Structures are given as C-alpha cells and as structure tokens.
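These notes open a run of structures that come right after.
Heads up, the next two complexes both have chain A, just with different partners, chain B and then chain C.
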Partner chain A sequence: MAAKGYKAAARRTLEHAPEVREAVTRATLHFDRNRERAYGEVEAEAWRDWAAATKRHTLSRLDRYLLEAERNLTAPGTEVHWAEDAKDAQRILQELVERYGVRRVVKGKSMLSEELGVNEHLERLGVEVFETDLGEYIIQLAGEPPSHIVGPAIHKGLEEIRALFHERLGTPPDASPETLAAVARRVLREAFLTADMGISGANFVVAETGTVVLVENEGNIRLTTSTPRVHVVFVGIEKLLPRARDLEVFLQLLARAATGQKIGTFVSLINGPRREGEPDGPEHLHVIFVDNGRTSVLADREMHEALSCIRCGACLNACPVYRQTGGHAYGQVYSGPIGIVLTPGLKDPRLAEDLGYACSLCTACADVCPVRIPLPKQILTWRVRSTKHAPATERLAFEGYAEVMTRPRFYRLSSKLLRLTAPLTGAPWLPVLGAWAAGHGALEPSPKSFREIWEEELDGA
Partner chain B sequence: MRVCFFVTCLADQFFAEAAADAVRLLRALGVEVSFPRAQTCCGQPAFNAGHWDEARRMAAHTQDVFAGCEYVVLPSGSCTTMLRAYTPRLFEGDRHRYDAALDLAGRSYELVEFLVRVLNTESVGRGLTGRRLAYHHGCHVSRELGIKEEPVRLLEAAGAKVVPWEADQECCGFGGVFSVKNAPVSLAMADRKLDTLPEVDALTSADGACLLHLAGRAKKRGLAVPVRHVASLLWEAHRGG
Partner chain C sequence: MPDARSRILQRVRRALEGRWPVEAPTRPWRPAVEETGAVARFLAHAKASGVEAHRFEGPAAARNWLEDWAAGFKNAAVSPLIPEALRPSLPAAPPEKAELGVSRALAAVADTGSVLLSSTEGRRLQLLPPAHLVWVDESEVVQHLGEVLGRLADDPPSALALHSGPSKSADIGQIMVQGVHGPGRLVVAVVRGLAELEADPTEPASTREAPSHTPKTTPPAALDWEAVHALEDHRLATKRGDAFTVEKVTENTAVVRVSSSNKTYTLRRRCLEKAARLASAGTPIPGPAAYRKLACNEAPAYAWAILHTLDLI
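Presenting the complex of A and B:
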C-alpha cells in the first residue's frame, strides 16, 4: 500500500505526474500576478485592514449575528437548519430529498459540500448529481476532488481534459477548448432544466438583511439557484457579514484577491424563495448553517483568525510549496496555507504533524491574504504543538543541538569535527546530512571557519 | 561607530570568507568591529521546527553574548529576522527575557541594511563594473525585514547590472528543516529558481542558507551557477575602486 500523508503524496506527484507541477505553476502565477495588479489599483492595504477588523468583529459576536441572520432569513419564508457535523448535514439533506421527492440535483461550486461529503451521500440515496461549474464538472467526470479552492481543475492541462472528454462524452480527441466548453454546456443545460434541487454554498450571508450572497463567473450558480423548485444552501457559520453595506468592500476584495477581477461576473443576492407573482426562483429555499469543527477553531486562542477566511485562494496562488504539487497532495478538502491551518483544527490536531511541514515558512501567503490571517505564524504554532509527538530522534537531535549551542567550547569543538569529517556525505552521527547530500551533493564547509580566519588574520587588525 | 559582528553559525561554517569580507568592508568604511567569542547560533532552526524550549535556550545565550553591544551586524537576513521578529515571540511569558529580546531586536541589523540605513552608504565602490548579477530576494530579508531595493541599489552603484529574473522573489525552498522533511518539494522549488535563472556572472543574496541550497542543487544537477554572498561582492566592489 502506498504511504499516506502529504510527504509521500508530494513525492509521488513530483516523481510520477510532473505535468501537475507545470499546470499548477502556470495557473497560480497567473492568478497571483492578476491579484497583485488588482490590489495595486485600489487602497488594498486599508481595505484589508478594514476587512480583517470586520471579520474579527463578526466572529467575536457570532452567536448574536447567527440569530439575527436566522430571523431575517426566516421572515420571507426561508427555512433555516443547523448542522453540527457532516452526519447532521447529511441527515438534513436526506430529509429534504425525501420531502421533495428529489431525483436529480445540480450543484454550484461549494468547498463546504466537499467537507460534508454531499455528493457521495446523494449518490448513496440514488440521486443523480451534476457539478455545474466547468472546473468542478471536469473533476467530477474524472472522479477527483477539487485541487484548489477557486480553480478546482487547475492541476489538469488541456491534453488531459481533451482525453477525459473524449472518453466520457465522445468529443473528438483534438477538440478545441471552445468545443469542449460547448459540449459541457449542452449536458449541463439539460441538467438545469430537469433538476429538482439546486445546491450551492454561499460566499457571504448578511445578518442584517438575511441575504445569501453568491459570486461566480460562469452563470451556473444563478441557474442552480433559480431553476429547480428547491434551493439548498450549505454555509459555514463563519461566513456571516453584519451589514449589507459591508458587501461594498468584501465583494471587490474577494474578486481582486481571487482572480484579480474588479468584481465577480455574476453576483447573486438572494432574499427568500420565489414570491407571489415572481417569474422565477425556487419555491423552497433552505439554508443549512454548518459547524463541522468551526466552533473549536473559534475557541482556539491562536487559530481563531483563520475563520475569517473568505475562500479566495490567494494564499494558494502565492504559495511556492503548493505550486510544486497542487492541492491533492495535501489529501484534504482545503490545501495550501489555509488548509494547513484549518484542517487540524476542523478535523484532528494530529494532522498538523505532517501538514505543518507542507510549508517553507516563506510568508508569501501573509502578504496576500485579504483578511490578514496570520498564516505563517499559525502554521508554526501547529509545529510547536506537534513537537510533543515528534519522533524521539528528532527531540534528541534538537536537545543535543541546544546543548552544543549554549556551550561555546562545545561549539568550537563541533566546528573542528565538521572539518575533520568533510566531505559530509552522511557521517553516521548526523543522518540529516545524508538526506541533504542526496539532493545537493555533499555539504562542503569553508576550508577554515570564520572563527579561525578571525583569530589568524582579523583579530586586532 | 562600534559594531559587534554576529557571524551566525551557518556563515561561520559555510561562508567563512564572505563573513570575513563583511568585516573587512565594515572596517574599510570606518566601523570598529569586534567579535564576541562566546557567540554560537541564534536558535532559528529550533524555532522553525517548533522546538521552542531549545530555541529559548539558544536565544537567551545569544542575548547574553550581545548584551553590551551598541550595534549587532549579521551577514544573514534570516538570522537577523530571528533576532528582530521571532525571538520576542519566544519570550512572551517572560518579562525580563522579552524586554531583552526587544532591546536586541532594535540593535541588530543585516549587513546591507546596516550599510544603507545606518551608515547611509550610497555606494561602496565601483569594482563590479560590467558584472551581470542575479539577486535572490530571500524571504526573510525581503518580507520580514523589508529590505528589497537596498542590495540591488548598492550592487548597481558598484557598476553591476542586476538582471531581471522572473522568480527573483520566490522562495528558494530551503526553509531549514523543511529541506530535509520534504526534500523533493524543497528541491523542486530550487529547480524552479535555477530553471528560470538568466545567464549571469554570479547569483547573489543576503542569505547564505538560500545560497547553500541553490548552489548545492545546481552542482548536483551539473549546472554551472557561480554563487557569491553579497558581502563578498560588496567587498570586491570596494576593493576594486
């Protein structure tokens, strides 16, 4: 059986699927450059300060805002549900599927639905599910999870998608991207018109007005939320904004951070199900607020800022580690810097032992996060927490290292030893050097240490 | 002006000549340089690996060694970042050590930063005329210390051409223990740097660790990439005119 965890998966990806690195690097650098330009067009620093403060405030009063949102969602006829975990969410969804006799579902892109295993559960219930975001549709055909929060299929190059569509949909093996999109469109149109239920996430829920806010570029979410007779929204409890006017900055900041756009091509503000005399919209609207570990992140003094995340993916695009393997290597719903920080908190702290090292601590993510989540600091905090389960050899190595470095005489002696054993291809007392040598060649110390040069030449000069 | 030189353990062992060049340059610019002999390591490897008890012991040792210095200058952006930004976090629960950390943070400078921001040096000499260089912006130097233009300005003032490099601000992949824990990813990151590197006379940086990683990788791959620590280039700039 293949070894598990990020470390093994990253190695496998780099060795056996080098095309992933190429596709992901190209896509994320493109996103990141657009983000940089788009930040430069506005007072991004001030916007980020304000957005961060607004999210922190909202989280500090989350109980109050959730109740306010429930009141204002319910008023025009939306039904609000509360799910503590994935099982709970699945149970609520199952009730709705049974209540409305649902056979076919169209879905807008939702990372939360990945967390909850929505598609798998629906399939178990015998319901047919269509992902309608083009990227999501591609990976659904391929039987894969999304590899990026915003661009779920960015790890795939054109050739791979051509082959996939040829095999699954019978398109010509050399079909143009336009042809591929047109074929997907035809399949999905049919699904929109025949589906009984649309499922979406939500980018924001405004407490003051009970508004579900959705941002997209393809129009598939608008169709998902307005064509079928039932619309179900899965939303994390952290996605609240206090006031409608907060959207002015958040909608722009989200788009600029994610793709460098001024604003998403489609922004839907949904206030309740279809009313008397309205030509479209669902007859029934359900909003399911999901915890699934969020309250434990909120209670974590050193991690709570991570709940400010608006899922823009900017930290993934800026991350040079993410760029080498794409998101699948992390083996979790959320990848990249935000995935490293959130996943152990949402699921299991022990996951940090492996995920905490999917990071070189370069801090590029902190520079781009629109809501100023202190990601590198939090990743390091997970490492600190993980040391209590570190292998004995590692703990011993660091203890020995501290012993040497707090005794100048030991340090000088080690410095001499280093020169005696050179070249260092892996002296048995330092196995770490062997690992280094495998990728770099032997470590070559300077012929004389600085200390020796100082003593012979510089001291008193 | 009096300066204590903190060579850092990595430069002591692997960039000894460059560190000596830093001392020579400082002295040539009229700075009095001393070398506190009890110095060892700032503790950053332990800090980044989450072994904070060990990091604290090394950081405390470093505080004691440099307690009486007016300025501490380091030929390493990364170790300067440890003193400036990270050590205070280690001592959040210890008022005495925390104050000492802030005190040392305010007196510690990376070499180029010291030249430009304290000595107000605009040029160290013209000895790099005609040289084509690639400058790697180490993550700590550029993002944590905010030193981006200063090294480039000094190198160009010396007559060198710092050539555009699409990946000049990207992480080299070293990351301390990261380079051993996730070696394949770390190496892929180095490869991205090397594969985009333009034709130059030398690749330089204010961080030895990044250079050690990149030079080792280049050598392993059989690439001829001459690597020079920025301290050596600046000393050469001074000596050559």
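Presenting the complex of A and C:
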C-alpha cells in the first residue's frame, strides 16, 4: 500500500470524477435523513444501549456461542466448516464446487465474500458467477468493487448506469430505471432458475436455534437461498446472537439505522436444508465460519468493540469525509469510519498510517452507530499508534508542542517569542507541520496574550 | 495437527483470556404496551410500506372479494395449506410461470407490518410470481416481533421468512423501483375465522357468516384459564411421554419447562382457547399434529398435553 493511498485516490476522484461526489453526497444524505427520522419514531437510545450490551456480551463469550451455534446448525443436517483466512475459505468453496459439480452460482450481497475474493476464485475455477443484488449486479457489469456496504453502487448516477446497460445489455440509451431493472430481473431470473449453488453472507446467526438470518429489500437473497440445490453461507465469527428473541431489536434497529425502514422488506430465517415433505428449497446447506483477522481484532483491547458492527452503513452516511469521495478512495473492502477502524486490525496495522487520516474527528459516526462502537476514539487510537511511523519533523514538532503546552513558564516565553517574530517572518516555522498545516490559514498572533490582558486590565478590577 | 476449527476457537479463547465477561442485559427487550389493536396497527404499518392490505369479517366476505380480484390474473400457484373456499378459481401453474402466488401466513406482526411465511408450503410460490396474495387469520396477528420469534425454538420448518412489502430497490440512481426480484405486489388479507374454516374444510364458506349470529350454543371460551393457573408447578407428560413442568402462568401465556432439555416454551392463551373452543364444537383434536394444524404451531406437544390433562381434548 502506497503511503499516500487514500489521499491520492481521493484527489483523483475529486478532480477527475466530480459526479461521484455529487451522487454519493445525495445518496448518503438521503439515507442519513431517513435514519434520523426512523430513530426518532422509537426509543432508539434505549435500543442502542441494549443492542450494544448484547453484542458486547456475545463477543465476551464468543467461544461458547460458536460451539452452541455449531451444535444447533448441525442438528437438522447443515454442514459447518471453519476457515482461518481467505485461502482456507476458497479451498472449502472449491471442494463444495467439485462435490456438487457446480457450473453456475448466484450470489446475494456479502461484504465478507468481497474480503475473501470469492468471485475471482470461482471464475478461476471456471464457474459462472452472478451477483444478484441490483447494485452489485451493476458494479459487477462495470468491473468495480462495492463502494458502500448497503448501497454498493451509490457512486453511480442514473446516466452512468444507463450508459453501462446500453453498452453491456443493449438497452436503449435513455431507458427508464424501471426498464433497466426489468432487464436485470430477466437476466437474473434465468440465472436463479439454472444455478446449482447459491452463496450468501449472513446478517446474524442465532446460537440458540442455529438460525441463519438474512435481511434485504429486493428478494434476491431469498431466491439465492431457495432456488439452487446447494446453499453456502459465509459468515464472520462475530455475527452471532445468543437468542432468537434478540432479533426483535436487532432486525428493527438494523433497518432503521441503514435505510430508515421499520424492518428489511425480506427477512430470511434459515434453519436447515429442505425438509422431507417440503416442496422446494436447497437440499444441502453449508455454513462456513470465517476468522480472517477477526480474532486479532478481538484480542485488541482498544478495538474489539468494532466486531459488534452490524454493517448498517449509518457511519458512512454520517461521515463528511466519506461523502466527498465514496468508498473506492479508501482502497479497501470496508470504507468510511468502520473501514478505518476495522481494516488495519483485520489486515495490517500499518494501513492506519494512511486510513487514519481519512477522518476529520467530527464524531458524527459515534452519534449514529446502532451498536455504539466508539469509532472516533478508535480512529484516534490508530493515529496514536501510527505516529511511530510519522515523518521525523512532524513528530518532533508535536513533541515540542507537548513540551511547551505542559510547562506554563515555557509556554509564556514561547508565545512571546512567537509574537515578536511573527511580524518579521509570518510564523515561519508552521510549515514544519506539513500536512497538518496545509489546510489551515496562517496564524496571526494577537499583540498581547490573554494572560497579559488578564493581568493588566482585569485582575484586581 | 489441530484443525482450523480448534485453532480459531483457541485464538478466540486466548483473545478473551483474563477479560471480564460482559453480562447479557438482564432481561430480554420488552416493547411498549400498545393502545391500538394489533390488527389495526398491522394494517396501517403494512399499508405504509406499500402492502395492499385488506380485512374481512369472515371467509364469505373474503371469498366474494377474491372472486373479483383474482379475475385480473391468468393463473396462480397456490399453497397447499389454503382451504378450498379461499383458493382462487384460476388454472394452476408452476411458480416460475404463475402470475399470482397465494400463501397462508403463520402470523402477522403489527410492529413491522410483516407476514410470517413458512417453507412448508413451498418457497418459490412466495417469490417467483410478480404478485403475491397472503391470507392470515385475524387471531394470528400479534403486536410485537418477539411474539413470533419464539417459533424458531420450536421445531421450525427449514426456512421462515418475514415479508413486509413489495420487492424494491433504489440502486439505480436512488430512484425507487418495485418488483426487482421478488413480487412487485404484496397483497395481505386478514380474515376473521380463517383458522376455523380450515378446521372444518367440509363446511362451505358461504355458511360461515359474520360472528354476530353464531349458531353454536357453546360458551365463547371453553377454556377456564383458572384451571390452567391451577396447573402451575405441576408435572405433566406429553402424548409421547416427555415430562415437563408448567412453570408459570400469566394473564396471557403459560410457560412450560421441559425436563430433559431444560428448555422453556411459551404457550399463548389465545391458542389454547382456540383449541378448546374447536374441541367443544366437535372438531377432533387427536394429538399435537392436529393441534398444530388447527390452533397454533407453538410447542404443540405441550399445549396439547395441557388441554388433555384438563379433559378438554
């Protein structure tokens, strides 16, 4: 990863694709307003407290809940697998593809499968892959990764999608959104009915009952998990909930935080493979529990709360930095505040040197997160940790600053010095601070310090 | 060499080592008590999310509406769970060809305006046709989502699903489009007396009228709730001989604890009453399967055993 990855990519986007900023800002503001209204309709604060506590509890007992979930998943005939990393996951998938002679796969949106490179691996195996979420389908056609965890194609405006469909699917250049959706529906309907395997993620897995829970608005995930004869679920080990009853709050909170709905339009509660006497449904169900860095995050005492994330996207929508560029500038699977916090933990702490600065520390994300992840504090922590690798001048400057600020006499002396020299030099040493000073105007010291004014005019008055 | 499973579990344990376990929030979430009735709230919320929601006073009224309404379709894929009287008179078609899918919901939830569907009737007919009609009995409309989630613990079908509106997407330039993959129309019809109709499929729908002139002489609730209260702390056994205890009886529920697994199940008063009513009207309820079919599908073995102990079925 280049040291200037995020900044360079953000600049490129803003200069060469200004329409992205417009599309992303519009979409995120829309999501954010809906979330705000939806929080206001219920006792959102109490729900968030409860949800945060439930997630923290689950994580603090994760080994136990994983075993309970495994037991209850296996009972009705689901096969459970464990993958330590992307390679492991790909190997398991390959075995299943070979076991069932799979030629065609339909996929429901899953960020984890992006992490694991599932599509690329399937294509290497000669398997045809169809992303079936409309947004995912659009970016699959465009050959791009998703830019938002809930709306993967929000960076694309109608015009761009029209042009893309025109080129790839031969629709009229001025087709209406309805026409475009209908064409995608036709292509994907055919795929649903002919695919041998459906691949999905999971929003939650209930340990008590061994239920895989999936939330969506289009119905493509229900189809993915219902029509092919094999269903494979990739699920991060952090997605567990203890009891079925816990879903009552989580399903409603997730929908309200993500899009402002009362509940996702379609919620699948999958308990096992097709049972005897049922007319349809997959004959084989496989659940793959994936670590891929999650245990390192769990072991990190300052970051482990980030595993509570339910991928609602609210922090992205609230983030003024994300809004400028969308997710691609981050160069990672997860973008926005949660991406900044999770990515270095999941992949490589050094990524924080770059990503940690895609943030203005405005703390808007903390105000909206349904599971109260302390995102700003964690971003700051990553910054502190990454100072070890900061340029020497910047480090020195800040160390000096700290020295000065914590010693009153020193402070008085240096502020006098600054005031005396400023007229001559224009605060000459500020450029030492590099990037930090770049966005700030030059400081103009006042002729007298507050302290002097206090002593001369107000004290004793 | 340890496998991936044990390595992952070991890493989890090591990560949690020495960490104070966080207690689960002390009691499960309890939603507010609602003033509006469940059916009215359900209809309002469903309509707000784009559901075409209807309410009928009895199967006859529903049948009348169905005849007109279904005339707009060429064919239908119909759930086997639907009684004859409420099946549209349309040629049958497989779900991938049908213009209309017709389902029987297990329940409806007022909080979210959702219907709860089961894979027992087939999943394709709930998803593939462009329009989806869902029948639900008035007594099966509950206020809160939590009231139906208990079913996950009670021998559920391979898949349950909550549908809360037509399929939709705003992925194309933030413009809302309906019917992207699933049905673009969701029509929910809440019918009073639907379950009773199923209980006695030989009786034609037309003889079932509004409840105002119920010809039966049986009292409205054949179940004396006090008698259920009296069973508190008693040990009973199911038809198969599994022992359980009636742990707690509240105003609207009875909680039982199964001796072998130590799991608890909550039985709803409404379901027990319905079964008792049906039984006193002469409908045979020979065992848990029949109880499930007729009255409620929550923990039927224990519910049946309670009613049997009270000599009601």
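Going forward, the second predicted complex is superposed on the first by the 397 of 461 C-alpha atoms of A that agree within 3 Å, B and C clash if a C-alpha of one lies under 4 Å from a C-alpha of the other, contacts with A are read in each partner's own complex, and residues count from 1 in each chain.
What we mean here is this: a residue touches a chain if its C-beta (ideal position, glycine included) is under 8 Å from a C-beta of that chain, and two chains touch if they have at least 3 such contacts.
All values reported here derive from a predicted model rather than from experimental measurement.
Undergrad: Quick check on the superposed pair: does A:E248 touch chain B, chain C, both, or neither? Answer first, second, both or neither.
TA: second
Undergrad: May I ask you to decide whether A:L125 touches chain B, chain C, both, or neither, giving the answer as first, second, both or neither?
TA: After superposition on chain A, A:L125 lies in contact with neither partner.
Undergrad: Tell me which partner A:N217 touches in the superposition: chain B (first), chain C (second), both or neither.
TA: second
Undergrad: Let me test your reading of the model: by the given contact rule, A:A17 touches which partner, first (chain B), second (chain C), both or neither?
TA: neither
Undergrad: Taking the superposition on A as described, I'd like to know which of chain B and chain C A:A142 touches: first, second, both or neither.
TA: Neither chain B nor chain C is touched by A:A142.
Undergrad: Taking the superposition as given, does A:L169 touch the first partner, chain B, the second, chain C, both, or neither?
TA: It touches nothing on chain B or chain C.
Undergrad: Looking at chain A, does chain C or chain B touch more of its residues?
TA: Of chain B and chain C, C contacts more residues of chain A.
Undergrad: Can you pull the chain A residues that chain B and chain C both touch?
TA: none
Undergrad: Of all residues in chain C, which touch chain A in the complex?
TA: 3-5, 7-9, 11-16, 19-25, 28-29, 31-32, 45, 49, 80, 96, 111-114, 119-124, 126-128, 144-146, 149-150, 152-153, 156-175, 177, 179-183
Undergrad: Which part of chain A faces chain C closely enough to touch in the complex?
TA: 23, 26-27, 30, 43, 47, 50, 53-54, 56-57, 59-63, 66-67, 76, 82-84, 88, 132-135, 138, 151-154, 156-159, 161, 177-178, 180-181, 184-185, 188-189, 192-193, 206, 208-209, 211, 217-220, 222-223, 225-227, 237, 242-249, 251-252, 261-275, 277-281, 289, 291, 295-296, 298-299, 301, 304
Undergrad: What part of chain B is in contact with chain A in the complex they form?
TA: Result: residues 7, 9, 11-17, 19-20, 23-24, 27, 35, 37-41, 43, 45-46, 48-55, 57-58, 61, 139-140, 143-144, 170-171, 173-189, 192, 212-213, 216-217, 219-220 of chain B touch chain A.
Undergrad: Would you tell me which residues of chain A are touching chain B in their complex?
TA: Residue list for chain A touching chain B: 6-7, 10-11, 14-15, 21, 25, 320-321, 323-325, 356-364, 366-367, 380, 382-387, 390, 394-395, 398-399, 401-402, 404-406, 408, 411, 415, 418, 432, 435-436, 438-441, 443-454, 457-459, 461.
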